[in-house]
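Everything below concerns the one structure shown next.
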Amino acid sequence: MTMMSDRQQLSYIAGQAADARLNVELETEGMTLNIGPQHPATHGTLRIICRLDGEQVVWAEPGCGYMHRGYEKLTEVRTFPQVTTLVNRIDWLGSFANEVPFILAAEKLMDIEAPPRAQMIRTILFELSRIANVSLFLGDLGVQMGAITPVFLAFRDREYVLNLIEGATGGRFHPNFDRIGGLKDDLPKGWIDETRQVMVKLREFCDIIEDLLFGNEIFQSRMRGIGIIPADIAKDYGLSGANLRASGVDYDLRRDQDLPMAWDKADFKVWTHPDGDSFARCWVRLQETRESCRIVEQLLDQIPAGPIMTKVPRIIKVPEGEAWVSTENPLGEMGYYVVSKGDLGPFRVKIRSASFNNISIVPWVLKGVYVPDVITILASLYFILGDIDR
Amino acid sequence: MAPLSDSDTTQEEPAALPGDGLREGIVDDLRRRIGDAVIDTHIAPNDDLWVRVSTDAWRQTAEALKAAGFTFFSFLSGLDWLPSPYGKGEEDPTAEPEEPDTEIRPGVTGGDTRFQVFARLVDIDRHVGITVKADVPDDAPAVDSWTTVFAGANWHERECHEMFGIGFNGHPDLRNMYLPGDFEGFPLRKDFPLLSRMIKPWPGIVDVEPMPAQDEPEEDASS
Amino acid sequence: MIQLAVEIPYWGQSLLRVLGGLVAVLLPAGTIVYLFLFKMMSFMQSRLGPMEAGPYGSLQLVAEVGKWMQKEDLAPDQADHSIFKIAPLVVLTSTFLLVVVVPFGPDAYFTDFAVGVFYGLAVASVSVLGILIAGWASANKYSLLGGLRAAGQLIAYELPMVLATLGVVIQAGSMNLQDIVVAQNTGEIFGFGGLGNPFVITQFLGFVIFMIAVQAELTQPPFDMPIAESELVSGYMTEYSGFRFLIFFIAEFATAGVFAFVASVLFLGGWGVPFDWFGWNNIDQVDDWMNVVGPLIMFTKMLVLTFIIMWVRFSFPRFREDQLQTFAWKVLIPLALANTAVTAIFKVAF
């Protein structure tokens, strides 16, 4: 099914024909519909401008920037430890995961490594933030389509994970826990046992969602064959994370690069799907959530004793240089290109956020689909506004 | 429950981490393809690869790298090497303001101009990435657009254009990404002030301590 | 006619009928909203629902009604004001018109039409008009999309409903709803009269088709494309607020209740229990206390059917418009036609 299906060919042709018609008739036909910026379906303030022909989209364009906070400029006036407070808020559902690549880049420039205990706990918290993020996605899928029950189950079970993150870091949504050289604090007593119990609950949740939502015939007919993205187009646009793996590309940054984190100590499977349609993207994320639970359980057994932070000066000055670190965040590949001039703070930070690339494919993928499919395709691509707009 | 897909997920062995030999091979291959457009390269041992190419060969580099297997487009952005004339806003407001440093010192792989564009491509099969840089001429800041090679560069070039003012020849639709249409100025340039720091100075000054292993404090440029 | 102790003048009877109609429409609406929408849905979603207003949130409905009524009466500037304002009333009127033919007891009915089924189905489609004009008059692209979808969907699902009812009419031999009730309660299954002959057994396919068509006529998920909350905000109801939205809200649940009444009359035996239990042979022999118990039985059957409607509503995602239409035209209508044909053959043969 990596060849173009009939439906995709037809939608291609429809898109081309519609384009031609528009060019000739100077937009005298069709209705322009604004989906957003305030809309129940978009995860935040994203505006999709669609030109419709009846119920079919002829042309679509996302308008972002409603949440642009100018992070790259703001990082230039902050010291390195202060940047984590900013960066937490890019992908606010899996916040801890945003801090990690930046801290790793700074550590790379300083040529230090966090102690093994800190690396392990970092990885565990990273995977927990992935679970928190994707479990909300799984519940939200139902709401985009009118099934209002799964979202409550998702929020209920996600509370357990957020309580864990709060127990360890002090913050449910914005932990701000990572420090250059390690972590701020050690784990509280009893946290490991509670995490084990929560992982069991999360796996049950995945099973429930699979039964309730993924097995539903209406869900399948709404998602299968919709929004097919072939692998080479996906790579062209820089789609990452589950979106890329659902198009059949086997690329996972946890496995495919050597970072001072503890993923190599866990045995996990990278899930891909050959179809590249909306269902594939959702299914891959469901499996990844289960895989994350497995990773956490394996790592919990292996936390070494030791210090939680290497010796770094109180005021950190990072040597001159440039470094790029990217990790497999819940939304995709998130990376930081840190340029340092030997100061207290960075000279330039380029934040490569996953949703920016994921949404850049929207004009291409929405040609020729129906309005309800617009919503489901956006739901399956899964973006967070803070990630797009930084 | 019955499997919902008949996909056969691969569990491949993690490929041997790309060593410096592979990276040097990539550089040689690139030199073969685009000749002396390769101005400078830098290999961080066991880590990463940087290449600087000439401005005219910017798009050609993309095509060459895509043909060489770098099919995954990660990002494209700009760099402004002018040190900020406003400082970091962290200096002691009662002290004498220092002479602003106006010397342009580009980073890895050097550079001749104030602005540079840089992009990152990844070869998924060989698990190796490459950062490509090119100078942007100061008098007419524009480079060729990558949209014909990588469709995803469309949005990145729009953002780079609105933030730095770098033009992209051949881009189909170079309008603002985040900023309102009538915005004046290019925010990520260093001489564009960050108003919040201009209005309210930083309330503390910071001292620098050396790394614990060293005995003497480092030579520091500013405190 | 039952003999009452007091002779009620004609205007008194009309007044009683009006009050009875209001109760017959609004009481189910209120019960459905509180019992199923507030509490059942909450329990299914692992939460408690409204608990503050009154003991266990029982006065929440009163609070909601009060809230909606005291809101400002807004209409968009560009909207067609007169049509915009009557659209909710049109939808609610069709509910009242439909409840008029439903019998609640041997003598407890509003009118006794000889062609009650025919009238009922015709009048049920008046609500389609209300939805269409709401969508158009709102001067809002989302509402227009919702109205267009509603037009296609509601008209498409009228046909399976009519065809399913046709099977019942053939089997009962009459279009009069009272006769249908009597036919079910005096009938026998293979000579066993203990259960009567509720048509849900012989017309099971018709029952299923009717319930699906009712779900679509009420624009409930999985057929709620016209509302489609995650796409169209609220479809044809987007621009309505305050009292007018309250009318739509009541109409949605009242219509669910009234359709459930009609379905229980057609398929579950209506207000009666099998006459065999009390030794009655025809409707004239039914005791007078059945006029009081009958409405209660109807209410219970209505609750059972509405439970099913609401349960499906909270569980399923929604169909896309073309899938919806395909389902109606290519699946439901052929099945309903087949059902009618088989019923007719059996009626003639046996």
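Just so it is clear, A, B and C label the chains in written order, and each chain counts residues from 1 on its own.
In this text, a contact is a pair of C-beta atoms (placed from the backbone, for glycine too) under 8 Å apart; a residue touches a chain by one contact, two chains touch by 3 or more.
Keep in mind that this is a model prediction, so the values were computed, not measured.
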Chain pair with the greatest number of C-beta contact pairs: A-B
Farthest chain from chain A, comparing Cα centres? C
Centre to centre, by mean C-alpha position, how many angstrom separate chain B and chain C? 64
Quick one: report the Å distance separating chain A from chain B, using the average Cα coordinate of each chain. 22
Separation of the C-alpha centres, chain A versus chain C, in whole Å, is 45
Could you list which residues of chain B touch at least two other chains? none
Which chain A residues reach two or more other chains? none
If you look only at chain B, which of its residues touch chain A in the complex? 1, 4-5, 7, 9-12, 14-15, 17, 47-48, 50, 71-75, 77, 79-80, 83-84, 88-90, 105, 107-108, 118, 120, 124, 127, 129, 131, 150-152, 154-156, 163, 176-179, 187-188, 190, 192, 194, 197, 206-213, 218, 220-222
Contact residues on chain C for chain A in the complex? 44-47, 141-142, 145, 149, 221-222, 224-225, 228-231, 233, 314-323
Touch list for chain A against partner chain C, complex: 31, 33, 35, 39-41, 55, 142-149, 152-153, 156, 212-213, 216, 218-219, 221-222, 370-375
Which stretch or stretches of chain A touch chain B in the complex? 64-65, 68, 70, 72-74, 76-77, 79, 108, 210-211, 214-215, 232-233, 235-238, 248-251, 255-258, 269-275, 279-280, 283, 311-315, 317, 320-324, 326, 333, 335, 337, 339, 341-345, 347-348, 350, 352, 356-357, 360-361, 364, 389
